[in-house]
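In the two complexes that follow, chain A is the common piece, with chain B as its partner first and chain C second.
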Partner chain A sequence: MAKITVDGQQYEVDPKLTVIQAAAQQGIEIPHFCWHPKLSVAGNCRMCLVEIEKMPKLAIACATQVADGMVVKTKSEKVINAREAVMEFLLINHPLDCPICDEAGECKLQDYSYKYSVGYSRFEHDKVHKPKRIELGPRVMLDVERCIMCSRCVRFSDEIAKQPVLTFTQRGDHVVLTTFPDTQLDNPYSMNVIELCPVGALTSRDFRFKSRVWEMSSTESVCNGCARGCNTNIWVRNNEVLRLTPRFNDDVNSYWMCDEGRLNTFKFVNSEKRLSGPFVKKNGALTRVGWDEAIAEAVSQLKTFKKSEMAGIGSAYATNEDNYVFQRLMKETIGTKNVDVVPHVKEGDEDDILIRADKTPNMLGATEVGVKPADGGLSLKGILQGIADGGIKALYVLEDDIASIPEIAAVLPNLQLLIVHSSVQNKTTEMADVVFSCSTYAEKHGTLTNFQGRVQRIRPAVSTIEQDRALDGFSMSRWDKFASRNDRWGRPNKRDARPSWRIASAVASALGAKTRYNTAEDVFQEMATRIPAYKGLSYLKVGSRGAMIQHSSKTVSSRPTVSV
Partner chain B sequence: MENIILPNIPDLHKIDVYELHGGYKALRKALEMKPEEVTDEVKKSNLRGRGGACFPTGLKWTFMPKQTMKPKYLCVNGDESEPGTFKDRQIFEFNPHLLIEGTLIACYAMGIHTAYIYIRGEYGKWVKMMEKALADAYAKRYVGTQILGTGFSTEIVIHKGAGAYICGEESALMNSLEGERGYPRVKPPFPAQVGVWGCPTTINNVETISNVPHIINNGWEWYSKIGAPKHPGPILVGVSGHVNKPGVYEMPTGVPLLDIINKYAGGVIDGKSIKAVIPGGSSTPILRGDQLDGVCMDADSMKAAGSAVGTAGVIVMDEDTDLIQVLTRIAKFYYHESCGQCTPCREGTGWLWKIMKKFERSEARKEDIDLLLDIANNVEGNTICALGDAAAWPIQAMLRRFRDEFEKRVKPEIVRVETGAVA
Partner chain C sequence: MAEPRKIIRSKDLSFWQKIYIPEIFKGLRITLSHIFKKKSTYMYPDERFKPPASFRGRPVLVEENGEERCVACGLCSRVCPALAIEVQASETELEKERYPVKFEINMVRCIFCGFCEEVCPEEAIVMSQNYELVFNSQEEAVFGKDKLLTPTTRLHDRLEFLRQYR
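Coming up: the complex of A and B.
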């Protein structure tokens, strides 16, 4: 251990650390642009200059290793002057187009301008002009005038995404970020450079000009694109999801997420195909009905089958809570042993960064909470065979468009009863007799268990008709707080949907079950007492970063394999 | 003292002529010594680098790790791009084998088996001359495997730069050699730990290395008595500007600047008086013409006078010189050559030049004088490499020594006079 002094306070730190790392560990932020905990040290922005006793010049905290007895000053006059100078330099050629820049509101340069800059400029010349609106790749746009040459994007592409296509050309204040000839920034992780970029030089082509940052609320969530379960934030304006961004979790996804998960796992939440309210098939057509009627219809139909004639398919997309209540409904209330889940694996579509071949976020969770055949019950194969043979006559499906798989679609017409939970209209709902419109992962509380066995929480970011952002403790944007009913953005589009655990629980009650749950957390608490792997867990323990289950499954690697 | 780096021997660039005049004898002698003894000899000679910083050469060599599994490298720095400096070129042209011999001895001393001679891209002619000399040296087996029948082997590779001043900065030079963009590296780690290809590396200037054979031939005591005791040896001084005989002159260190100008370079054109002298290449602080008495071409004397030896490129400016124009041109050079990596230099060099242009056009305001100094101070010492300093020093020195020149270029303020009458 090395004893160091920072701004008069003594600390004992690991001697292998740099000053900026040691300070960060003690909760002291030394301002910086180019330094990033997961990238190599570039030392180019000069924002982290600090005074170190016995050193002739100011030193950059990012590249200076701590030493026993080192005395660091991060707030001395010399340091403050140097910082103000760096800020002034950074801003002289910057376009200062914050009013039309997507980054405004979450821009390091803007934030630091308020915090560390004098607030005026002594520069009275023409600014250097550089290329704008450059398509760096299919998903990322570049404005070189805003670039501060921190090289974070270059280092990310080289070191993390392993696609070294970015470089600088020209010299001095004419330096231009660009791609090498005949290459583009199109790796599966390319969009991470957008958050890495401390300014608005790199923007998302999907999100560009969609919203000011402060108009959106941001809610901690988990990506449902694959079994990695990257931690995310869901950004919502006027009850519409506008973007996902990665959220740091060193045990799961570091600071990153893949482009596929970022772009293609939220649009269905806003989709035109969303179901609002339950449907029952009447005279061959799905007809919108009330919840009570739909539940009564489902119950009365279910009662006409023998236990062995019924089967349930849980969902690797739904939460642990949904699956848990569902399997209780199937096994305990309805009394069938035939329960399983459909896997969705894309062989080969994986890498050793984040992407997993299992394209569901909760396969492990679903089976851990009991979505698997009871002793003597039929597995998925058996259930499908049973439907084909006519032995299985009624099927209850949780949040999975199973009819999009041709082998399954082929047997479904044999069924006499198909009950489906779905948030969107799809091939399976078209074949169903009863459809319950359920909340998406962006509209409910719950947990998902990733391939490592890490239980992670999701939270509602979009509200359904039953919810109120303020009363139900949602994250609130400026608009959410200040809009009135006459404002366009004060009348959001809300859907009539309920979390699957509540629907399943209501069906179970209608069938005579005693247990009732008021919240997803109630469900989780029961899981924690009944399922050994969840023993001792609670929402509090799961927190923002997740918690490991004591899993029984052999398919799980207990150590995180993410190496980024 | 007779010239030893650039002796007046016709055709010395030819290997037979070089051999006839004792060439490659020092190599033979060195190979009979222990490598540590060679380093020790250089250390005791007090040879100091001729690449700008006057760093003790022998000491630098001792920074190279002795026990290492990695290969070690020598880079001979012939990027020579500092305005006012054109002395290494003379060695390439007139005494290339001295450089090759020195390179070989340095390699032997440090246990190096690959040396790169990095020559600035614009020196096409001199690259060819060096290549010819090297081919001859290879043919005579001075370079390559089992040199002179000993167990010692070294390859020498000539690398042509692509035309950037910054690639003379030692760590940018290494990046450039590796095929990377010529960006200086953050130090530490220093090249002796992590240099070319991540391996221990020493970088020395062309002229520095060319001193080594003489030290080995004649011994450190002989060498250390040449010129100024603390900064001894012969030095190549390039004189340019308003002198009758501009050129490169070899002399012992410690020669008075006025002698350099008047005795070596034939005095100022038309007998005019000297307004200012930049003594060591464009980055070194300018001296006033009336400050030159007693200032000599060695590290201590220059330091005492508030300047530096740098690369001994003496730029002489007569009484009619527009120093603001000179400084504007210098500022433009550093702006043009800033690699653009680190914030203060990337942004500051351009800003300094833009303000200097205002002075040049006599459109500056009074406040611009202080602004100029403030920007230069904000660049100096806060950058990755010394180019930032090199850009700041000339401005700081000019403001210190010729403030009146700036004041003369301030645009008179237009004062609005209220007449009281309304038309």
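Coming up: the complex of A and C.
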């Protein structure tokens, strides 16, 4: 241990750390642009200059190792002057782009301009002009004028994404960030440079000019693109999801997420194909009905089958709570042993960074809470075989478009009853007799278990008609807070959807089951008492970083797979 | 405790006040004297009041060379204490990169404070001299770009006025 003094306060720190790391550990932020905890040290922005006693000049905190007895000053006059000088240099050629810059509002350069700069410019000449609106790759936009040459994006591409295509050309104030000839920034993690970039030089092409950052609410969630379950924030304006960004969790995804998850896991929430409510097949056509009618219809039809003629398919996309209530409905209330879940594995589509071949966020969770055949019950293969043979006549499917898999679609017409939970119109809902419109992961509370066995919380970011942003404790933007009924933004598009656990619980009640749950947390509390792996867990313990379950050996990889 | 209010008008009228006649003539004198003064009323709507340049009429968008100056930065929307402004940005081929596909001011919400004008980095929204606001429904009170865009030629006074304070 090394004893160091920072701004008059003594600390004991690991001698292997640099000054900036040691300070960060003690909760002292030394301003910096180019340094990043997960990238190599470049030391080029000079923003982290600090005064260290017995050193002749100011030193950069990111590249100076701590030593026993070191005395560091981060707020002395010398340091403040040096920072102001660094800021002045950075701003000399920086364009006055904030009004059209997507970074504005979450820009380090803006923030530091308020905190560490003098607040006016002494520069009277023409600024250097550089290329703007450059498509650096299919998903990232570059504005060279805004670049402060911190090289974070270069280091990320080299070190983390392992696609070294970015570099600087030219010298002095004419430096230009560019890609090597005939290359582009198109690796599966390319969009992480958008958050890494401390300014608005690298921005998202998908989110481009969609919204100012302060107009949105942000809600902690988990990506549902694969079994990794990267921690995310969901950004919503006017009840519409506009973007996802990664949220730091060192045990799961560090600071990153993949482009696929970022771009393709939220658009269905806003989609035109969302179901407008529950549907029941009448005279061969799906007809929109009320919830009570749909539940009554499902129940009366279910009652016409023998227990062994029915089967349930849970969902690796739905939450643990949904799957738990669903398997109780199937096994305890309906009384069938035939319960299983469809895996969605894309063989080979994985890497050793984040991406997993299992494209569902909750496979382990679904099986762990009981979505698996009871003793003597049929597994997925058996259920499909049973449907083909005519032994299984009724199927209840939770949040999974099983008909998009040709081998399953082939047998489904044999069924006499198909009940489906789905948030969007898809191949399975078209074949169904009863369709319940269920909330998406962005509209409900719940937990997902990733491939490591880490239970992680999701929270509602988009409101359905049965929810109220204020009363149900959503995170709210200023518009959400002050909207009145006669404002257009006070009448957002809300869908008539309910979380699957609530629907399954209502069906169970209609069939005579006693248990009732008011909230997803109620369900989780029951799981914590009934499922050994969940023992001692609560929403509070899961928190925003997740908590491990003691999972049994039966994991995703050991299961028979049907490819997506 | 506050002092009890002083009674300013005496309850007891004097003899001359009681008989009214002199008071009536006093009043008539004032009325008659106004016949020879300059009129301060307008024969609206045939005759209209033209406010000075410092007047804060309804906010409008400045149109220059057939395009709005606005870059849809959303600052006016953010600063508006009444939350009257809604801006949706989009991309344009023009050099400014960004423009408002939708720009709406809810005139029922607007309180004519002029903050939007003050915050705008582009001098793209200014307070006009227009004070005639009539609508028959809430929906009609939401002014879109069609009603807001005003060419610089018609905003000359205000733009000159603002210039003094740059």
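For the reader, a short list of remarks on this structure follows.
As a convention for this text, the second predicted complex is superposed on the first by the 550 of 564 C-alpha atoms of A that agree within 3 Å, B and C clash if a C-alpha of one lies under 4 Å from a C-alpha of the other, contacts with A are read in each partner's own complex, and residues count from 1 in each chain.
Just so we're on the same page, contacts are C-beta pairs under 8 Å (C-beta built on N, C-alpha and C of every residue); 3 or more make two chains touch, one makes a residue touch a chain.
Small disclaimer: the values here were computed from a predicted structure and weren't measured.
Three-chain overlay on chain A, with chain B and chain C fitting side by side and no clash.
More residues of chain A lie in touch with B than with the remaining chain of the pair chain B and chain C.
Across the overlaid complexes, the C-alpha centre of chain A sees chain B and chain C at an angle of 90°, to the nearest 10.
After overlaying the two complexes on the shared chain, residue contacts for A:208 are found with chain C alone; chain B is out of touch.
In the superposition on chain A, A:381 makes contact with neither chain B nor chain C.
In the superposition on chain A, A:46 makes contact with chain B only, while chain C stays out of contact range. Using the contact criterion defined above for the overlaid structures, shared-chain residue A:303 touches neither chain B nor chain C, since it reaches no partner. In the superposition on chain A, no contact is made by A:54 with either chain B or chain C. By the touch criterion defined above, A:514 reaches neither chain B nor chain C. Of the two partner chains, chain C is the only one touched by A:488; chain B is not.
Between chain B and chain C, the smallest C-alpha to C-alpha distance in the superposed model amounts to 19 Å. Per the touch definition, chain A reaches chain C in the complex via residues 96, 98-100, 104, 132-133, 208-212, 214-215, 478-479, 482, 486-489. Within the complex, the chain B residues that touch chain A are 164, 166, 181, 186, 188, 335-344, 346-351, 354-355, 371, 378, 381-384. Of all the residues in chain C, the ones that touch chain A in their complex are 71-75, 77-78, 83, 86, 89-91, 96-98, 104, 106, 108-109, 121-122, 138, 142. Every residue of chain A that touches chain B in the complex is listed here, in rising order: 41-47, 49, 57-58, 60, 63, 81-82, 85-86, 88-90, 92-93, 122-123, 125, 128, 148-149, 167-168, 170-175.
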